[in-house]
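Below is a structure I'd like to ask you about.
Chain lettering (A, B, C and D) follows the sequence in which the chains are written, and residue indices restart at 1 in each chain.
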């Protein structure tokens, strides 16, 4: 499955742009993370990162749909 | 000994003015309180009250001098 | 002590280039106490002693937390509903200290500073906290 | 989200006739981090999600404390030293709830709201909190 991923903060720097298309094997958040970490090993050096689906934080088991809005959320630092 | 006493808040209402002259038997804060409570029993109905001498709270044992600035401090309620 | 308190001016005064967090407490005159309508408040202070007690509290706050600047203003006289009797503003490098120091100052001010508040109702008036 | 934040306007907005205490937290851009001079900060947000997360925190605060009004403003974009990225203002009948709710909101905002801050130094830049 092909997923469009939005990227913010340091994730945007790592991916080299504000969004990217990712080909994933397992159609879950965990599957997306595995694909991304293979292509972008710098992701693993982050303190942590989360995945948001349709503006909500999503757990590893979450099953992705091609129409979902998916975003990579590196450690937040607002305020 | 004769002491001049400043009064604030409800103490001013109880004494009927912003200051008064009190004749005391024992020249301590405790002695002053005894004299005042005898003349103005409403003082005893207060939640509490303190005596300040020269702008500092003073304990019952504090020995008064005729030149001291003495004030009756009913329960404070600033803020 | 008795002109209107300008919040913005207080914040400008405490802010420094080293500040990361500012906490501001603003006391306002409420329109009711225990369900009874308040028309106005009348504040009275033993001014010389009040200033001394406030200075002690401020010194104590500077000892306990890494405070950069700290400001306390308290009005006296007649205040209407919505007016501001007290402002406390605290700047620190980090927010925890700012919150804690600000709360410390207002909590202690209400306990030890010789200032008195009279609530005026339609049918009478009460010195707050005077009686048990 | 990106015009200058007016503290006075925020306070006016939260103040009600029932308010007795207002707590305001103001985040400001510090001139240094760990002894290193900061030239400016750049804030970025995943706006739609950030607004949703802020709304959750605010709803949570209203559930936990008797809050009258609560306001959160956060800027994005480039901010210079001394500018205000965030203001939180909370009005309550009594001060304890105002302090606690205000601190709850800023603490949670910093943990869950998708906003990111880049510190720009003379010799480089860092996304805050990105690396362990």
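What to note about this one:
Rule of thumb we're sticking to: a residue touches a chain if its C-beta (ideal position, glycine included) is under 8 Å from a C-beta of that chain, and two chains touch if they have at least 3 such contacts.
Being a predicted model, the structure only gives us computed values, none of them experimental.
Common neighbours of subunit A and subunit D under the contact definition above are absent. Spacing of subunit B relative to subunit D, judged by their CA centroids, is 48 angstrom.
Averaging C-alpha coordinates per chain places the centre of subunit B 26 Å away from that of subunit C.
Centroids built from CA atoms put subunit B at 72 Å from subunit A. For subunit B, the set of residues that touch two or more other chains comprises 79. Shown for subunit C are the residues in touch with two or more other chains, namely 27, 106. Looking at which chains touch one another, you get A-D, B-C, C-D.
Taken in their complex, subunit D has these residues touching subunit A: 27, 43-46, 48-50, 52, 74, 85-86, 106, 109-118, 127-132. For subunit C in complex with subunit D, the residues that touch the partner chain are 7-8, 11, 15, 17-28, 30-32, 81-82, 91, 93, 95, 98-99, 102-103, 106.
Contact residues of subunit B toward subunit C in the complex are 6, 8-10, 13, 45-47, 52, 55-57, 71, 73-79.
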